[in-house]
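Both of the next two complexes hold chain A, though its partner changes from chain B to chain C.
Take a look at the complex of A and B:
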């Protein structure tokens, strides 16, 4: 069965880190580019995140994420370049359109922030097996029931999508009209999603009974089949990340008060 | 632990199915070449079946999983999904899904809620843009006429969201009406 995870199996330093460490890094680097509102700070973090994705050997996969925001980034440059509220210095004119320095710089800052967010979370997503992340979070105190929901979703989606293709084939074989006007298509949409919802809800009810039989609702301390170990490196890295975050937050608060 | 005791096993298995229905909705919409996303039908259904908390939870988990499997941008819009789920659950409790007309009104309300949550996110991350060509063209036009960024962004998002959300809610309503009652009552939380 095809998997929907984006995990890339490789053997690097980044892959071996504890998932929670990578989660901390992603959160911190996104937060810092917002609370330290300087373009150079953003570029620094962006370069650092890029460096990490190179050392995790996932740069190629990252390009797919980045290309998803290229169009909006370009239009942001155009719109901000022309209409930003503090625009005053003209950089160049294009026919009758004027582009201003302030707007272009502002748009660059926004783009850097978004790229940094995509890349730092991208590292987490591309170098961590989803099931490891769920196990790790449950070990750190996430409710095991929510943990079950998360890992169950990752298994159910490929199943439901393959049921969905079966339903499309079956309804087409019965002569379902899938071309034509919007109303016709919406009618077809009902004929496709209806059976899927019904069958998956019935299945869910059976699954509930099945996992109850295996002691899912039991209120005792549960143990884990696989345990994710926290290495020395993880401990040091998490400490450094939290320290940097704390310093940045204090600086921000202090500079607000003064 | 009053909060987690409400999460019965039936609800625990409902949430993954809700997320799966969201994915399937998007899949069918693409297969039929519909110019819509229709990717929150499951969230709305879960909210109707099991209440606002479960609706919100389904929305949040939907975007977390979507972020993990399609690209991190959708993490941001988890807030919008939570809003859709909670709003749908509350509207159901307020008997706003009794008939087709009320469902239509509910659809409009949910579209407004989704827009109201998305706009600040769009302003923070994209300075008001949505990435949709038509919406952004309108946005640029309004900005060039000196319309404020919040208002311009609001119309931008509304153009993108309104039809999609109203239809999403309407489809969820249609499916819900057709579900056998024995199935529906099984998912009710015990409050």
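Take a look at the complex of A and C:
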């Protein structure tokens, strides 16, 4: 039984960074493309994220998803190119359809933002073990209870799926039709959901007892066996990221006031 | 084995929304280093007694408890949760649901309880290494707990509890979902823990295994204490047959031909039964 994880095991500089540093980068990179609403700034952050994903050797793992997003995004170019509210300069016509410069630029900006969001969070997810992420967040002050919920969901969902598959097999062995018409599938679904929910509730109660007897929820200082260290590079990077974010925010606020 | 470790005084308990007493006026004493089994039919109160000894009844389940459960002379309900966790370990029957579910390696799984108790990292690592080696799980330390077999998982559950260094270990049907190999693995571990002087209380239906290992048996029926004594005394009680509790196969055999040992009890161990039966057959041959 594996936990839900997209982590790609590689030995790169990005993999070695503290998870929280990568989280800071992902959020800041996304926020900056909104705070600084220029297409060129968007492209700059997108290129930077692409560079990081190449350096983390995970771009290959994102290609399929990025391609799908680009295909879907093309509809944005068509719609915004023709119907964006500020459209005024015609770039080209396609039969009776007119495409405007303002709309195409706006659509490109939106696509760049979406791609940057996918790549920057992709870097975080593909180069960080979920357990390391949660441990790091708990070390930084996240409630251990919330940390437990986040970690356990990743492990327990695959286990529930495995239980569901066992129940399906058991119901099939007793003659239940799980294939066929919608009505048959619905009947199979209801036959599955009862035992699955009940067994999950029983397991959840037993797990609650087991972890309670292992001190879960004792209000005292928690220690950690896996320590995620904050290196000098992490400190510098976080400082730079925070500084850039602060400068961008200040610039935005000042430009509003003026 | 002189010090009184666990005792109950007129312990009664009702689950919420139930008018039936799950435990009814139970008084017993368990001494330090003793291994005690709990037997009885389904619904006799075995698991409830385990939960009462750990303070989970009524703190986790709710309901109404009267009487007292004392560990080292202190009522479990008066103890802080931390102190209770350090004193008593509990292992349940389903190995899969005892895994925290939040850790991705066997090593980290054992650390879960230690982290909650705020044990310093160096000591934590030392304790984890010790228990994993003791329970033959050291080679599996980097594996995901959910990838282990049932027997290995149950050993991991016991190891994770033992890492907390409790003085009392309570096991509620720890082998009920295990195959013979898994059962043997668990009992080997328990034999070792018994030798180390730990007080152990175990609910178990595999009587042949159980009697090899426990000093005394608690016999419950409908929440009441029917008997408390040595295994051969308990399995010689008429109530064992009346309540259809079951017994070791050797005891059944000896009961059928009415062969008793010198104390007037039916034997419960294989070797003793063989010796007694040999005697009977040799007498018959003559």
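Throughout what follows, the second predicted complex is superposed on the first by the 245 of 258 C-alpha atoms of A that agree within 3 Å, B and C clash if a C-alpha of one lies under 4 Å from a C-alpha of the other, contacts with A are read in each partner's own complex, and residues count from 1 in each chain.
Here is the rule we go by: a contact is a pair of C-beta atoms (placed from the backbone, for glycine too) under 8 Å apart; a residue touches a chain by one contact, two chains touch by 3 or more.
Keep in mind that what you see is a predicted model, and the values were worked out from it rather than measured.
Of the two partner chains placed by the overlay, chain B and chain C both lie in contact with A:211. Once the two complexes are laid over each other on the shared chain, residue contacts for A:148 go to chain B and to chain C alike. Once the two complexes are overlaid on the shared chain, A:197 sits against chain B while remaining clear of chain C. By the touch criterion stated above, A:107 is placed in contact with chain B alone, chain C being left untouched.
Of the two partner chains placed around the shared chain by superposition, neither chain B nor chain C is touched by A:172. Look at A:156: by the touch rule set out above, it reaches both chain B and chain C. Contact with neither chain B nor chain C is seen for A:10 once the two complexes are overlaid on the shared chain. Of the two partners chain B and chain C, it is B that touches the larger number of chain A residues.
Annotation: chain A residues 130, 148, 152, 156, 159, 202-204, 207-208, 211-212, 216-217 touch chain B in one complex and chain C in the other.
Interface residues of chain C facing chain A in the complex, by the touch rule stated above, are 51, 54, 56, 60, 81-82, 85, 88-90, 92, 94, 96-104, 107-108, 111-121, 124-125, 128, 144, 146-147, 157, 160-161, 164. Put simply, chain B touches chain A in their complex at residues 4, 7, 9-10, 12-17, 19-21, 23-25, 27-29, 31-34, 38, 41, 45, 61, 64-65, 67-69, 71-73, 75, 125-127, 129, 131, 136, 139-140, 143-144, 149, 167, 171, 174-175, 178-179, 183, 186-187. Those residues of chain A that touch chain B in the complex are listed here as 4-6, 64-65, 68-69, 71-72, 75-76, 78-80, 82-83, 85, 106-107, 110, 113-114, 117-118, 121-122, 125, 130, 143, 145, 148-150, 152-154, 156-157, 159-161, 163-164, 168, 178, 182, 185-186, 188-190, 192-194, 196-198, 200-205, 207-208, 211-212, 216-217. Put simply, chain A touches chain C in their complex at residues 1-3, 129-131, 134, 144, 147-148, 151-152, 155-156, 158-159, 202-204, 206-218, 220-227.
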